[in-house]
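Next come the structures, one after another.
Next come two complexes, and both contain chain A; in the first it sits with chain B, in the second with chain C.
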Partner chain A sequence: MSNINGKVYAMNAITPMRPWKTWILRAIFFILGNVKPLQSDLINLSFIQFARWVIIPRNSFPFVGAPQQRELLEYDYLLFFSNFNGTWNQYIDAFSAVLSKGLDLVWKWSEKFPGSTPVTIFKEYITRVQFDTDYYYTAYPHATANDVKNAHIVQQTFDALNRNAATMSPDQFREAYLQFVLSVQTHLGATGEAPIVF
Partner chain B sequence: MSKLNATDIQGFVLRGYNMPFARFCFLHFEDAESARKLVGALLSSITTGQLWDQGKPQSTLNIAFTFKGLVKLDLPLATLISFPVEFQEGMKSRSGILGDSGVNAPEHWDAVWRDETGASEVHAWLAVHALSAEALDARATDLFTLVEKIGGVRVLDTQDAASIVLDGNVTTKEHFGYTDGFGNPDYLGIVRKSQPGQGKLMPDGTWVPLATGELLLGYADEAGELPIAPMPHLLGANGTFMVYRKLHQNVGTFRRFLDEWSARYGAGDAAAKEKLASKFIGRWRDGTPIEISPNTPDSAITQDPNRSTNFTYGSDTGGARCPVGAHIRRVHPRDAFGFQGRLINRRRITRRGLPYGPYAASDDNSPDMDSVERGVVFMALNASISRQFEFVQQQWINYGNDAHVGNEKDPLIGNHMPGERFVIQGDTNPSNPPFVCAHLPNFVELRGGDYFFLPSMTALGMIAMNLVDPR
Partner chain C sequence: MPNQNGSVYGLTLLCPIINDHRASPSHDLQIRAYLATLPTGPDSPFAIAPHTHLARLVVMDDVVFVGAPAREEHLKSKYLVFEANIDCPPHAIGTTGLDTYLAGLAMAAPQQLDAIWSHCTGYPGTANLQAFLHYMKACQIETTFFFAATNDKSVTQTLKALQTQRAVADFIATHQGKDPAELQRDFLAFSQKLIAAPTPKPAVPAPQRPMQTGGRNE
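Right, the complex of A and B next:
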C-alpha cells in the first residue's frame, strides 16, 4: 500500500464531470491527440514517465450481473493516471509552473476544479480527488525514466561499436572509441537509492 | 512594484555587506524575560536595509532565532505551530532529507550544534560584520558587555570569518582558490545594481528580477502566492529564513586530487590543472564562466557585470563547454532544464558567506592540510527553506535526475560515498577530452549549523515587548 516504489510515484486522480461537458473534453482530446506539438511540454518534462487522461462515461462502469445492482450515475468521470520520478510536491509544482494552460483545458470540465494556478489551491484539489495506490510494481526501483532511457542509449551505442570493432585497425578503433564516448557522455549517470521524500 | 520598506528589513537580507570581517555569535537563552530584554536592548543598533548615505559604517549587527529560541522566548503556541515544519524541526532533524550522512552526519558536527540535553542549545545568531579587525573586536566587546549586564543569556560559541587576503588584496576567493559570490538573484523592489543573469530568464532571453516573495515573507512569490509564514502577519512580513552551514574544506585532499587527476586528464601541468578545476565549478578560478570562455580565463568578462553571469546553457546541451554536472550548472541551471527556466524560478536562494581559517599558500605542503580549521560559513536566505534550500541541496547537489545524471552528485560539495564519479563531457578537440573523475573524495564536510528566522524590525519589537498575538 504505497504510491511510491523506489524512485517512482504512481498517482491516480478521479474527477466527476457533467455529461454535457464530456463532449467538449472529447473534442479537446481529439485535437491534443492528433496535433503532436501540443503534447511537447508534457513530454519534455523528463521526470514524468507517462501521464494519461481517460474518460469513463457514466454508463460504462462494469456491471457483472446480479446481485450487483445497476447504478444510475449522474456524472461521467475523468481518470488521470501518471507515473513520475521525484516527489508529489515537485510534480505538482512543475505541472502548475509549466503546463497550467494545458491542464486547465483538460480539467476545467471537472466539477469544482479551481484551476492549476495558484498552486496551493490546485494541490488541495488533487489531494481531495487522489486515490492511493493499492499495489505498485516497478521493474527498476533504483532507476528513473531518464536512467532507463540513458541505459538504452549506452547499450545500443556500445553494441554498434562492438559489432564493428573486430575489423578495425588500432587507429580506427581509437577514433571509433572516441566517437562512442562522445555519444554516451551525457548518458552515464549512476542508478541508486532515491532521495528521502519530503 | 514600489520600493520595499528598507528600514523595516534587516540589512543582511537586502544586501551582502562586502565587509572583510565577521563574527557570528551563538546565544542560549536561560529565560524568556532576559532574552526579551536583550532583544529590546539591541533593537536600536540592528542594521537595517536603509541606504548608507554617509558611506559604510565601521560595523553592522544582525540577529536571527532558531525555532527553539522562539519557544524559549515564550511566543504563543498558536504562533509557534504556524511556522513551516522544516524550521520547527531544525537542520539536524532534516539531515536525512539533506543527505547529511557519513562524515557530514550530526555526530561529527562541532560541539555547539550537538547539544542533546537542551541545556546549551543554540537559540539565537548574532552577526557582526566589520570593515576592520579592530572594529570587529570593538563591536563584539560592546555586545558581550551588554549580554553580561543583562544576564540570563549565555554566549555558547563564536565563529570568526574573514575574506581571504592575497598579496595584500582583499579577495572574494574561497580556500580552493575559486572566486566566489557571483550570481545571487535579483528581487523585485530591492534596490541593487541589477545584472543580467541574476534574476529569472524571460522567453525573449532577457533577465528580470524574481518575485519579492522568493526572499521575503509577506509578498507574492513566483507562483503568485504568499509564502508560508507565521501568524500574525506582522511577525512574518519583511522577515526571511536563513540556513547556516559551516562547511569545512579539505584543501589538501582537493589539491592532491587535482594533481593526480590532471595528469590523466591532460599533461598534469598548470594548464591541465586549471582546466580540470574549472570543469568542477563551471567557472575558471578567477570567475570566468567556462560557458562563455571555455578555453581561457578572461578578466575582461569577470570585470564586466553585463557579462560575468550573463549566459545560458541552451547551445551546450552536451556539456562540452560546461559539464552538465558542474557545480554552477546544478545550483543555478538557468535554461538547462528547458521551459525558459520556469522549473527553477522557485528554487533560487540568496547566498551570504565568508571563508574562515587561514588560506593555505600554494607552496604549502604540510601533510595535515585537511585538518586545519578552514572552510566557508555558508548562509542562504530564502522564503521557504523546504521549497528552496532543501530542494536544491537534495535534488540538485546530492542527486542528479533533473540534470539527467542519475544519482551523481555535485563533484565539489556533494556528500560522496566510496566509488562516486564525475563525468566531464568533452569534444573531439584533444585539449577538451571527455573524462571521468572516479573515486571522488569529500572535498567539503559539514561541521554544523541550523535553520534560523530573521525577523523584521517590527517583529523584533513585538518579540522584545512580548506583544506577539497569534491573531
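Right, the complex of A and C next:
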C-alpha cells in the first residue's frame, strides 16, 4: 500500500447514490465543467494536481464476459480520485474550510453523507469510504502543483528574455534582466523532498 | 468530453479480477504482492513509457456500506482500478490518442503489464496488441468531471520547466551585482547550455540543494 509518492498523496473514495440522484449530480458537474469561474475555489486551493469524479451507474460496471458475473446492484456509485500535496488531514481540513458548499453540492446525493462541516464527522465519513492505493507513480515526485505552475511561468519568462538577449546592448540587457528577475523571483522555490509532517 | 481537460486525458479503467476460490494466494493478493515490488522511480513502467503525469493502481475489494438505513450490497468481482493522467494533445483527442498511449505502454513494459493484468478476467496479454487495446477500452469508465491544475503542458514540458526553474534560481543567485557586459555574456552561455541540456528523465528526484545556514531566522 502506498498512498504517498514524494509530495503527492493519492486518495480514493467510493460512495453509494440512489440512481435518480445521479442525474442531479451529472447536471451539477456539467455546469461546473462549462462555467469555469465556478472552479475558482478548486484552482485557488492550489494543492490539487489532478482530481476526478466518476459516476458508475449500477448496471455499468465493466463486463468482459464469462466467467465474470454481472454486477447486480441497487446503487449507482460515485468514485473520487485525487492527487494532492500535503497530508490527508491538511487536505480534508482545507476542503472543509474552503470548499464546504461545493463539496456538499457534490456529495449530498451520496447515502449518509453528513456534510463537510463540522469537519470531525466529515473525516469519519471519508475514512469509511476511502480505500488505499496499491501502487502510485508520479513523473515529478518532488514537485507540488504550485512548483509545476511556477516552473512553467519561469520557463515562459526565460524564453521571452532569451529570444532577444543576443541582440541587446549590455545596458539594455541589464534592464531586461532586472525585469526578468522581478518577474520570476516569486516563482523560484526549490523542489526537493517533502518535509516530515504529522 | 469529460475525460479530456486541455491536453491532459483522464483514463479510468476497472478490470475485473479473476474470482477463483481455489487460487492460493488469491489473484487480488497476487496483484497486490506484485505491485508492492514494482518500482515507482525511473524504472517504473510508467516512466519507461512516455506521457504519464501521475498514475495509480488500486485493488478495489468491494463497494462500501455506509450504515443503515442504506442498503448493504456487495460486488461479485474485485476490480483492479487503473487511474492515469496522461498527455493527449487536442489533435489526438479520442481513441487515437488513447490507443497510442496504451500501445506505448504495452510495448515499453509488456512483462510488467502482463504480470499485473494476467490476474484479471479475460485479459488477452500484450502480445496481441489489438486484443489488448480492445480489452483495456472495454474496461474503461467515462470520467464525469476531470480537474487538472495544469492542463496545457506535457510531461516533457513540465520536466524541462522544472529543470529551467532550478537552473535559473542558481544563475540569479550567482550573478548578483555583475557588470552588464559580463552578465549578458554569462546569460547567453547559460541559456545555450540549458537549452542543449537533455530533458530530465521522469520520476527522478531533483538533486538536493546544499542547506543554506546562517539566516536571520536561525
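We take it that the second predicted complex is superposed on the first by the 197 of 198 C-alpha atoms of A that agree within 3 Å, B and C clash if a C-alpha of one lies under 4 Å from a C-alpha of the other, contacts with A are read in each partner's own complex, and residues count from 1 in each chain.
Convention: contacts are C-beta pairs under 8 Å (C-beta built on N, C-alpha and C of every residue); 3 or more make two chains touch, one makes a residue touch a chain.
Being a predicted model, the structure only gives us computed values, none of them experimental.
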Does chain B (first) or chain C (second) touch A:4, or do both, or does neither?
neither
Should A:182 be classified as contacting the first partner (chain B), the second (chain C), both, or neither?
first
Decide which partner touches more residues of chain A, taking chain B and chain C as the two options.
C
Could you say whether A:26 touches chain B, chain C, both of them, or neither, answering first, second, both or neither?
second
For A:46, using the defined touch cut-off, is the partner it touches chain B, chain C, both, or neither? Pick first, second, both or neither.
both
Where does A:38 make contact in the superposed view: on chain B (first), on chain C (second), on both, or on neither?
neither
Just checking: does A:160 make contact with chain B only, chain C only, both, or neither of them? Give me first, second, both or neither.
neither
Once the shared chain is lined up, is A:150 touching chain B (first), chain C (second), both, or neither of them?
both
Touching both chain B and chain C, residues of chain A:
46, 143, 147, 150, 181, 185, 187-188, 190-193
Report the residues of chain C in contact with chain A in the complex, numbered from low to high.
2, 8, 10, 12-16, 18-19, 31-32, 35-36, 38, 40, 44, 46-47, 52-61, 63-64, 66-67, 70-71, 73, 75-77, 79, 81, 83, 85, 121-122, 135, 138-150, 153, 155, 157-162, 164-166, 168-169, 172, 179-181, 183-184, 187-188, 191, 195, 202-203, 205-206, 208-209
List the residues on chain B that touch chain A in their complex, please.
86, 94, 96-97, 99, 222-225, 317-319, 324, 338-339, 342-343, 345-346, 386-387, 390-391, 394-395, 398-402, 404-408, 420-421, 423, 425-428, 434, 436
Using the touch rule from the top, collect the residues of chain A that touch chain C in their complex.
1-2, 5-6, 8, 10, 12, 14-16, 25-26, 29, 32-33, 39, 42-43, 46, 48-56, 60-65, 67-75, 77, 79, 81, 83, 110-112, 125, 128-129, 131-143, 145, 147-152, 154-155, 158, 161-162, 165-166, 168, 170-171, 173-174, 177, 181, 184-185, 187-188, 190-193
Hey, which residues of chain A end up touching chain B in the complex?
7, 41, 44, 46-47, 85-86, 89-90, 93-94, 96-98, 117-120, 143-144, 146-147, 150, 178, 181-182, 185-193, 195-196, 198
